[in-house]
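There are two complexes below, and they share chain A, which is joined by chain B in the first and by chain C in the second.
== the complex of A and B ==
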């Protein structure tokens, strides 16, 4: 019986693969934080890199984003959001920490 | 200008659902920007503990890991629900939606327990700028997950009553976007809030 209106758009393999990758990319930062074997600075960089990789895995495997398969207006919207997010987070941190430095040092 | 009847003004059915999915996608992007601002606020405020406790004193690695596993697994089970929707298997779809709901509820329960414990310690949102920003960011995410839980219940009822009609499938698709999006926000929360806090 296959009367589903979305037939064939979701693949079990991709969900399972994404889950395994995401688990791995979760275990690495938590493991590093638990063992505290590396200096704090290096752990933070590794945590950030694992987070970025895991976001990409989620976009690809769970939200089915693909440069060729996704409608261009959706890609445009997410690219625009990404630029705004970078400007807002990066800009806020830049300004506030610069201010902090000038005020207190 | 046009003498066409009103039927032509209405989009073909497939295009209507495509448009709704795009509209929901645009909503998600604006939601992502709200979260980005809350992240920026948190990162600016993280040092302002006003002599109160900081992240290192308050956060628990195992608790956060448990929350992460619950939410990540619920993303997988929602995917399995989507696969069941694909093959037109109504019972499996309802089953996986129920599992997703249970995992999401477990996540919200863990978060409420954490918040309750913090407030009992005197580390509520009014204690310091750091804690205000923490509760706002993590609480906003928790509210979204709670709204997603209500959304799941509504869709389970619709699947049970209306069956797998095209409109129901289209709503399930949008619910899926919402649920997977919340898991992405959580990656940011454990990577920018909990782990750096614990490492202090």
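== the complex of A and C ==
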């Protein structure tokens, strides 16, 4: 952990920064959902966006993912996973909202 | 509410006293179990079975156990099939011999068993035995996890089997659609048996997938680049990636259904805002990739068989690799074609219809590659080759009906009919099962050291394929005639003749299964003259034929150097095969452990208790399972050292055997 070349990637500053960011990105959706400050539709989008940002924070600050520092095959695996998740979640949202629209609107 | 120590388990509910056929099934199950226990006890082989097999972490032993499980479950699943065919052959304007409640259990268990407990263990077993040898490795990456996977799968199979004796199985089909599978319509234990059997074995499958991916990426022999791997390794890699990404969807979906049923939640109940269509959506996000999880390894087997028995290099190796990976990705983009009729807009249906047809393209590429490999080859008609040829013809027919079903307007007419039943059996029997049987006959000498009888293998093939056509072509017809699937009785006289033919087809397949049993028994009895002393009975081209048959625990005393796609063939040509190395080195091998059996056992108790709502036992079993896993992780002595001198002894014996062969 204390080896000089990797010290920057594993620094306390980055862990703490990630922790604060993660807390913020958790607090915002909870706040929005509890106070209903925004219309329902916007709240859903905000919660989704915060979740996505949270994933990126975790990958960057806790799992030390970097476009240049991480081995290409690992980036490829993560990209593949991202594509599949996009297909599954995006597809499900598309299918279910399409059905919702046709059934209740 | 009254708390009972055994949850809702009472003798009156649990015993299968509702029909004579059900009692018969229970008795056969119990007798089969007692027969196995009795035989081992009578032979006094418990110690041998425990130390050499059940606790073994050797990938070959684990693979053999997987295949044995698959073959037993194949028999059970086939009994279900022939019972359904018999029922429908008689049930014109009458109840046949099965009450509806029982018939529904039978088609549900048939599908569940064939997919989860026949096909999955069969392919996992073959992969386990062969892939490490094909890539020149000494074991899988995580030998202990391998054992855990096996015993979780066995625990799931055990839950399905015990449902025949204690309680009832699901009547909701192998897909378990709500609302019918919800607690409101289905308060009994059947659906719970289905859920927990799938949960437990599904986790095992996910672990297997992880294990195979890491093995293939990290354990290849020197020189074995990815683009030099035999095609079976490629299809295993693709299939394992699908397992890792698709199985969590199934686990989550069935877990949500369990929450609906146990805690009265409403993910999939329309009252209180649940949405049952989302169950179907989530289920098929797993379900469609699953089709390719089953079929891709078989494609790999066919590729190996075609190339070996045509004595030619595989035609279009690269195109086969790309086609495999394209299929793996595309398989995630077509799931809606399982529910075109749910009422999505034309745009959604058109997208998934087109995506479905696109999958036919890489599959077509593969068929042409196999044909071109055969073209001008020196073909040996080994039974494995017959399964492959039968597959190519039959699978293409199934592919055509699949493209037909991929048209949403046509699907509106044929969905839920026996046309669909005929279609997917037409894909999975030739596409998956024939492949596994080809692999079984091809690799049997590798696993056991003697070949299987070819005459009985050919008879089995001819019975299976003619039985298949007899059993399923009438179902295509019946679909056009308007017959829905899963009918316990019907009143259309015109349906009966095709149904009788289909039942005859099932009887011919039964003869095929009998041939398989006879083949195995006859081959064991004549094993002394079918010994494979070379380890290479078919003049193989890939590395698994370099090891002894059966292989030493470490597979390769010295890791092979790979220079070509057909690594062994290239070595033979160079005359650099079976060389005596300058010296041997110690090899670390995984030490046996009973922890896998223990974890599987606890998972079984957990599943059984959850089914019957015996919550104290479920909690205890879960805790015990976690404790066993934790205790195992503190174990430092997971490997043992096989010394160079022992290895030298084993290898010298093999080299003498090879020399003796050459003298003949």
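As a convention for this text, the second predicted complex is superposed on the first by the 84 of 105 C-alpha atoms of A that agree within 3 Å, B and C clash if a C-alpha of one lies under 4 Å from a C-alpha of the other, contacts with A are read in each partner's own complex, and residues count from 1 in each chain.
Everything that follows uses one rule, which is that a contact is a pair of C-beta atoms (placed from the backbone, for glycine too) under 8 Å apart; a residue touches a chain by one contact, two chains touch by 3 or more.
In this text the structure is predicted, and so the values were computed from the model without any measurement.
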For A:11 in the superposed arrangement: first (chain B), second (chain C), both or neither? first
Would you sort A:24 into first (chain B), second (chain C), both or neither based on which partner it touches? neither
So in the superposed three-chain picture, is A:81 touching just chain B, just chain C, both, or none of them (first/second/both/neither)? both
Considering only touches as defined above, state whether A:98 meets chain B (first), chain C (second), both or neither. second
Based on the superposed arrangement, let me know which partner A:38 touches: chain B (first), chain C (second), both, or neither? neither
Chain C versus chain B, contacts on chain A by residue: B
Residues of chain A that lie at the interface with chain B and also at the interface with chain C: 80-81, 84, 88, 92, 96
Chain B - residues contacting chain A, complex: 18, 22, 25-26, 29-30, 32-33, 36-37, 39-41, 43-44, 61, 64-65, 68-69, 72-73, 75-76, 79-80, 82-83, 85-89, 164-166, 169-170, 173, 177, 180-181, 183-184, 187-188, 190-192, 195-196, 198-200
Contact residues on chain A for chain B in the complex? 1-12, 15-16, 18-19, 22-23, 26, 29-30, 33-34, 36, 40, 43-44, 47-48, 50-51, 54-55, 58-59, 62-63, 71, 73-74, 77-78, 80-81, 84-85, 88-89, 92-93, 96
Listed in rising order, chain C residues that touch chain A in their complex are 241, 245, 249, 275, 277-278, 281-282, 285, 329, 332-333, 335-336, 342-345, 347-348
Chain C-touching residues of chain A, taken from the complex the two chains share: 80-81, 83-84, 87-88, 91-92, 94-96, 98-99, 102-103
